[in-house]
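Note that the chains are named A, B, C, D and E in the order they appear, and that numbering of residues resets to 1 at the start of each chain.
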Amino acid sequence: MEIGLNHYLTLSAVLFSLGVFTVLSRRHAIVILMGVELILNAAALNFVAFSRFVAENLDGQLVAVFIIVIAAAEAAVALAIVLAIFRNFQTVYVDQVDRLQR
Amino acid sequence: MLALESGGGSSLLTWMTFLPLVGAIVITLLPGKARELHRTVALVTAAGPLVLAVKLFTSFDRGTADIQLWQQVAWIPSFNIQYFVGVDGISVTMILLTAFLSFLCIVASWNIDKHTKGYFALFLLLETGMMGVFIALDFFLFYVFWEIMLLPMYFLIGVWGGPRREYAAIKFFLYTLAGSVLMLLAMIALYLNVQDPATGGHTFNMLHMMNQANHGSWLLNPDIRHVLFLGLFIGFAIKVPIFPFHTWLPDAHVEAPTAVSVILAGVLLKMGTYGILRICYPMLPDAAAWFSYPLAILGAINIIYGACCAMAQTDMKKLVAYSSVSHMGYVLLGLAVFNEAGMTGAVLQMFNHGTITAMMFLMVGVIYDRAHHREINGFGGLGMVMPRYTSMFSLALFAALGLPGLSGFVGEALVFVGAFEVYRTVTIISGLGIIIGAAYVLWMLQRVFLGPLNEKYTELPEITTRELVSVVPIAVLVILFGVYPPPLINMIKQSLLHLIAQIPA
Amino acid sequence: MNFTWSDAAYFWPEAIMALTFIACVLTDLVTRGRRHGVTLSVLIAGTVVSLAMTVIKAPEASHYVFGQMVVIDPFAHFFRYVFLFVTLVTAVFSYSSREIMGKDRENQGEYYSFLAVMCFGMMVMAEANDLLMLALSIELVSITSYIMAGYARFSLRSTEASLKYVLWGAMSSGVMLYGASILYGLTGATGFSAIREGLLAGSGSELALLVGMLFVLAGIGYKISAVPFHFWTPDVYEGAPTPVTALFSAGPKAAGFALLIRFFYTSLVQTDGTGGVTLLEGIQWPWLLAIMSAVTMTWGNLAALRQTNVKRMLAYSSIAHVGYLLMGFVLLTQAGLQAILFYLLIYAIMNLGAFLVVIALNNRLHSEHMDDYAGLGYREPILAGAMTIFLFSLTGLPPTAGFVAKFYLFAALVDSQLWWLALLGVLNSVISLYYYMSIARSMYFTPATETGGLGLSRAHVALVVILAVPTLVLGLYWSPVKALADSSLAFLLGG
Amino acid sequence: MDSIIQSALIILCLPLVSYLITFFFGERLPRRGDFVGVALMGVALLLSLRIFAHFWGVNDPTHQIEQSWNWIVIGEFRADAGILVDGMTAIMLVVVNLVSFLVHVFSTTYMAGDRRYSRYFAFLGWFTFSMLGIVLSNSIFFLYIFWELVGVASYVLIGFFFHKNSAADANKKAFLTNRVGDFGFWMGILLFFTALGSFNYNDLFAGVAAGQISGTTLSWAGVALFMGCVGKSAQVPLHIWLPDAMEGPTPVSALIHAATMVAAGVYMTARLFPLFDPNALMFIAYTGGVTAIFAATIAIVQTDIKKGLAYSTISQLGYMVMAVGAGGVMAGMFHLTTHAFFKACLFLGSGSVIHAMHHHQEMGVMGGLRHKMPITFATFLIATIAISGVPPFAGFWSKDAVLAQALYYGMTNPGHYLPFIMALLAATITAFYMFRIVLLTFAGKPRDQKLHDHAHEGGFALTMPLIVLATLAVVSGGFHGFGLDLTWFDRFVADPASEEHAVAPVNDDGLFALVPSAHAQDHGDDTHGDDAAHSGDGHGEVAHGDDHSDAGHGGHDLHHVAHERAMYLSLLAAGLGIFLSFMTYYWKRISSARVLAALPGVHRVLSNKYYVDEAYRDTVVAGLLNVNNLFATFDKVVVDGIVNGVGSVTKGFAWISGNIDRYFVDGLVNATGELMRAFGGVVSSVQSGRIQTYFLGLVSGLVVLVIVYRVAWPS
Amino acid sequence: MISGLIWFLFAGVSVGSAVVVATSKNVVHCGFGLLFTLLGVCAMYAFLGADFLMATQVIVYVGGILVLVLFAVMMTHRIESNRLRDELVQPVAALGAAALVFGLSMLMITRTAWDEKVPGEALPTTSSFGRAFLTDYLFPFEFASVLLLVAMMGAALITREKKEEEDQ
């Protein structure tokens, strides 16, 4: 049967929801970042799907490329911060990092 | 619609308002330790407005209801905000009272020794704020001065006050601010819906707002006018204070230092009623007529409730504070009826109450400086030890209970005469106020001055000349305007008659 | 692609900032990170030059420099002034802050380069006219913010702040991109004006537009920290070094608002060319944002009530101020937007001022707890006086500029008869009085534990006074500044 | 300006000048400034006599001189100050100034050596000034003003020995009771003003005559006005303050609580007579009657000489009020004048006794003083005879006029005999208790020998006033009968020619038919000034007018019928009272102890003054105090609580854990407060510092926004 | 064009591995799960004719970012504690939220009438990418470079060890 736009959108929706679930439910900082990567990939997939089926221009794909750039930049900084946290707190579990006032 | 007397442009009023500000700035520049210097500079600066006040009294034209000595300068043209000041019958007495009381308060606060620089600077700033409120004829300018007056008051109560000063200060500030923000919304609504006859755009000019012709269509709908009136009224009611909003007054008075509570009772309470007279009535006369009966009832409640609470107090200052609530009830009753006697009585009572409460607070201050407490039951038989102080305080107290021959009576009598015609039962109930009023005054007088001498105070020093200097001028005024009130009445008369003509039956 | 060099001239201010960034990095390398004063002077020089160019190259119409992605128009121009001013002030008082430049810190030099690039990023944010640029510019500003938040590398609070910030930022940008993709799907374009054309043309389902708009709003909302996207603000503001917090509360917030206004008022609204604004029939977003504004305002104020840490209190107060700003945003009127612009400028001044005082005190008292401020009014009269002016201005009391700013907001609200929000706003200002005055109370009413001045650096006190003066003066005479804000809007709605 | 008005103004200002001088410079003057008071009062007395002589010559009660100046003018509202002098004023001027002058003289010795001596004279001057103000003013507004000023004067004088708690209570009680009366008075004034538009007497009288105010409002206004008199002249139920007012020095009691101030109420009722309609007058008459009998009964059991005299004053005031109420303005004023003289004499007499007995006032320690203090005894006896209504003393003539008027009232208004009966009974009892006082004080053996030995006659300053007053007590009644007609009072005051009093024809078959009606010729030959004191001493105990009127009944003028009968009955009453008093206290035939034992209940009730004080204390005063405490606590707890509640709503909202804001939350946290606190909890729980909860907040926030939008605007 | 079966195969791979990322207790397994998800998305790009993008995804995303993530995992877990396990926190709430979001998206996808057009021939995109980067997308291109530079500097700054020799 033909693979239409909705299939891609559904897949990206699934990826997006799993990303949200990961971010919400995991304690490990890096796994949360992985969740964010999932969300970004879902967004990129959406862009490409729309560019292919709706917009008939390459803007979508271009944006997808830039999304990868953003993901890269963010991952770099995020992981650097996670390392700094590990050095100071000796743990990467988010709920143990709790020195600020309520 | 109020008109402008031709040939305005005199800067008398501007000088009177901003001279204290200059003084305040000068004081802040002085070194912190030079206490004497602060006091003298403050005194000299406060003397300025007093002298100008005398000049205003003499040069005030009693024959016309128009705005006099006005000055109009563009301030923010883009929003049509002007620096527009002027004086007429309603505000002239208040300006004189402010200048007069401020000067006396500075004399009375001679023995303040903590951070005198801050104290006197803030006090002069307060005077500027108060003066500005009474002369402002541009609603924005009025609102700015209204709030400027709050800031120094908060610090004066908060820093130099009694044990629970912080609570009293923040309560005062929150109360008045809550009222004034309602006023802000009403002001903006008026601003947007009143058309400036000259430019056709919006305007803050109160005189234009008073002219019903300038009111836009949205503003002509009676419900809107009633809501606006209510918004403005609540802002002013908190200041008066009127029954449900009055609980800040006893706390603020008890905790404020003597001179500050003199100004608070003497002038700040009048801003509420002045606001009603200057803004609520002329701008929304039909709403005023519609609200007149509830106003009268509120007045009566204030009188009776204030008097009863006063009778149950044990702290002298709280008693005087509640007596102010009761007296302002008379003013409100007078305002509720739109006839000559009632309104003149109300405005007269505003001035007279100012002088009488000022005197009472100064007197309480004198005894507080000596005995360091204000518990009525803690004293007894002071008449033996301090005869001159007793006679002075008795003069103030008898003026407070409305003894004829003293200024307290004239205002009250006129209010009763005016109010009796329109709301008979309410006035009769308010009439009970003179009995309860006499009761709490005499009961307090007996517990403090009469009866056997309390052994703790056998050697209390008599009242000093400095304290007398700050009280005798007020006493003279109280007696003078009690025996012969026309000098005051003639100033008020024309403007009030003009205002009454505005308000539909 | 109409790229003409003559237009590029309008891009000079941003270009100069980029060059300053690179210059700072190089100077830091040359001085091997020791004399960070030099880097600071380079930064200041760069900012001043950029300011000069901004004044010279004031655009009177909208210029598309690099294709449709970025537009330089009077609207963005106004924000340049705000960003340059904020960067300048932050740079100067970071120099004297113990938390950043203390003796046991190193790589102070790089701090200034990040400051420069952040300014550059903010300027671009104000000019972004495309979903992609929106994402990229937010990303640049956010990354710099994460780094600066975690700048005190060995303080647990700072690193924790940066962790929470980065996680939250990443999540928000993810959600925003997903939303952007949906909008792209609906309209087939990423440029704001193109989206509007697409929405007008296409039948587009309401739900998709709603979800897309909301998710993009999540991205922007995170930047201006409106409820429900504000959760990071209190922790980050408290954890990050105070100069950085000051920057966050003024710079990125203004940039976020610039983006918010440009995005909503270009792509989700029809303008009839004369300033009149009507909604696209598809979506009633003003109501949604009105609710957000009300909740943000109330949440910020009520949470701030019980704070005893001044920095955390100012964090909540900044959330509350976002609530006030959003009030102007929902009115769809010229007056509303003008009020927001004016408010942002005034807010920047008074907020920076307040933080500056907190920094000065932090340098000596090593804490931001309110009780440590006891008796400050008498030990440091000038500083305390300035702080009182800032507090009154933040509450919105007349002689100060804060009142005028709020006055315009309420004027706009009353003009569009949005009574309930006006009333809520007014009541919130009264609530805010309580916690602002609690600082004044501890400074003046509670007696000082020990006496004597705190020995603050003269420069610091001078800078505080420099900020306090406009707060007061603008309270009395503010026409020129208001005129600037009004003119800058002519093109956004007119165009 | 008319010379009369000029002198009236001078009379008014003299006491004020005396007040100002003695108050401010008294201590520094020789003799501590008492001579200033005496001298100025003397001059005032002479001037008032000049006015008296002028009106004596004019011999026309309706003649009046009025002058007014404008005081407050606002639009149509006018409140003018003015002076009105007519016969009644002349009388009152003489009475007030004379008694005041004599009291000044008396006080120079009585109060000698008191620490606040000059203050005392200052206050006396102040009192006289305000009393004269009442008498001279021509508008009810100024009448009210001086009314209150007199109240303050009495407050200050009663509380002169304020170091005593009893004095401090007494003056407060006096002022507050007067104030209650003044409240009614003020309401009456307002009623009249709002109806008639002016305060001036003549305008008011014209307005009432023209019927601008009528029916129930007029009678209610009249009753309200009368409340002023009830307060000031100590009528029931506002009489409680007069006995306590005895705390003040005795000369003060003489001046204020015998002669002048208390009479102000009667003067006011008489002056404003046209304003009262028949119902109001009936109310006044009955109040007067009840007060007369009520006070008289209490006077019987009094042991303190001054308290006894105080109750006798209340009773006599009841007489005067009843007389005016019954339409006899002339009778009321006549009795007021004569009463002023002999009651002042009695009080000053008791004063000199107390002075002699070293300030002991209890009659228990007195007795047998007639040898030690002959002059005081003589004058006291003359005054007692006068007050008992024995002819030809002044008391008889004025009391007879009152009784005649009461009887006439009874006759003309069928079924209203009660006032007359009460008056008659009171007359008997008056005679009884007055002679009781005389006998207990002066007759019999001295009960406290030590005090008795010290007792001695006062100096000239004490005895001269007594003698003058005693003579006046005899002469001031004039003489009518036995071909002589020295009635002088009708030159000054006449009954208003109001016809509606003469209503039904006389019914002769009543109880009084049996008494032959004497026909008195009325002719006016003028006998010259009474103070050329031709001292006729008493004509023996009882003298009966023996000439019978030759004319039959019917067709007589009703007045004379009433006059005749009232005269005989009053003689009978006086005789009976004196006889009983002698029986019990002089010849000891009837032992008072056994009588009292027979009626224990009566004694206890009487000695406790019918428990009126206690009734007031439990009801009005206690009620007021409870209300106040209720209001005050209501204010502090509820209103303040609500406000603090609202305050703590925002505070509670933020869930403060005890720190410097704690006192802000001390107010009543009401239900909304709890709700807000719970909601506040949500705020703080979300801000838990864990990033997970933040994300949850974000996602749920988004979802909630979508749902809200879909709910509000379903597509 | 390509039969649905293969598409579903790759879709299944990416979803399955995404589930592993979300739920697996062992962090390394999560890492590898992410690898296969990325490869699955890469396949999708291929199906959609985005050849350049596919290449970038493989090289940059898988080669760069994923390796970085794995390095971070290795560096941050302490050897001595075998606690690689990482329980889920508030799973129920997270699941609920995720389900809600998914339902919302599906509702949106199905409800909206996307004007879906029949896709034309998938042309090689690399050359048009190149031209776009230097014309229409020039500014984002340059801006992204600044972004990456800042990211590098920041990462280096934050992770640098404490400087031993303190010269001043």
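Just so we're on the same page, contacts are C-beta pairs under 8 Å (C-beta built on N, C-alpha and C of every residue); 3 or more make two chains touch, one makes a residue touch a chain.
Because the structure is predicted, anything quoted here is derived from the model rather than measured.
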{"item": "Shortest walk length in steps over touching chains, chain A through to chain E", "value": "1"}
{"item": "Both-way neighbours, i.e. chains that touch chain E and touch chain C", "value": "A, D"}
{"item": "Two chains joined by the most C-beta pairs in contact, as defined above", "value": "A-E"}
{"item": "Central subunit by CA centre of mass proxy", "value": "B"}
{"item": "Between chain C and chain A, distance of the C-alpha-averaged centres to the nearest whole Å", "value": "27"}
{"item": "Whole-Å separation of chain centres (CA-atom averages), chain B against chain D", "value": "39"}
{"item": "Distance between the centres, which are taken as Cα means, of chain D and chain C, whole angstrom", "value": "80"}
{"item": "Rounded Å distance between chain A and chain B, as computed from the means of their C-alpha atoms", "value": "66"}
{"item": "Shared interface positions of chain B, touching two or more other chains", "value": "166, 170, 174"}
{"item": "Contacts with 2+ other chains: residues of chain C", "value": "132, 136, 139, 143, 146-147, 150, 153-154, 162-163, 167, 171, 175, 182, 185, 205, 207, 211, 235, 434, 441"}
{"item": "Shared interface positions of chain D, touching two or more other chains", "value": "660, 684, 687, 689, 691-693, 695-696, 699-700, 702, 706"}
{"item": "Chain pairs in mutual contact under the definition given at the outset", "value": "A-C, A-D, A-E, B-C, B-D, C-D, C-E, D-E"}
{"item": "Touching residues (chain side chain C, partner chain E) in the complex", "value": "1, 3, 18, 21, 25, 34, 65-70, 106-107, 110, 113-114, 117, 120, 124, 132-133, 136-137, 139-140, 143-144, 146-147, 150, 153-154, 162, 182, 185-186, 202-205, 207-208, 211"}
{"item": "Chain A partner contacts - residues on chain C that touch it in the complex", "value": "131-132, 135-136, 139, 143, 146-147, 150, 153-154, 156-157, 159-163, 166-167, 169-171, 173-175, 177-178, 180-182, 184-185, 188-190, 235, 238-239, 309, 312"}
{"item": "Contact set on chain E toward chain C in their complex", "value": "104-105, 107-108, 111-115, 135-140, 143-144, 146-147, 150-151, 153-154, 157-158, 160, 162-163, 167-168"}
{"item": "Of chain D, residues touching chain C in the complex", "value": "650-651, 653-656, 659-661, 680, 683-684, 686-687, 689, 691, 693-695, 697-698, 700-702, 704-706, 708-710, 712-713, 715"}
{"item": "Contacting residues of chain E [partner chain D, same complex]", "value": "89-90, 93-94, 97, 100-101, 104"}
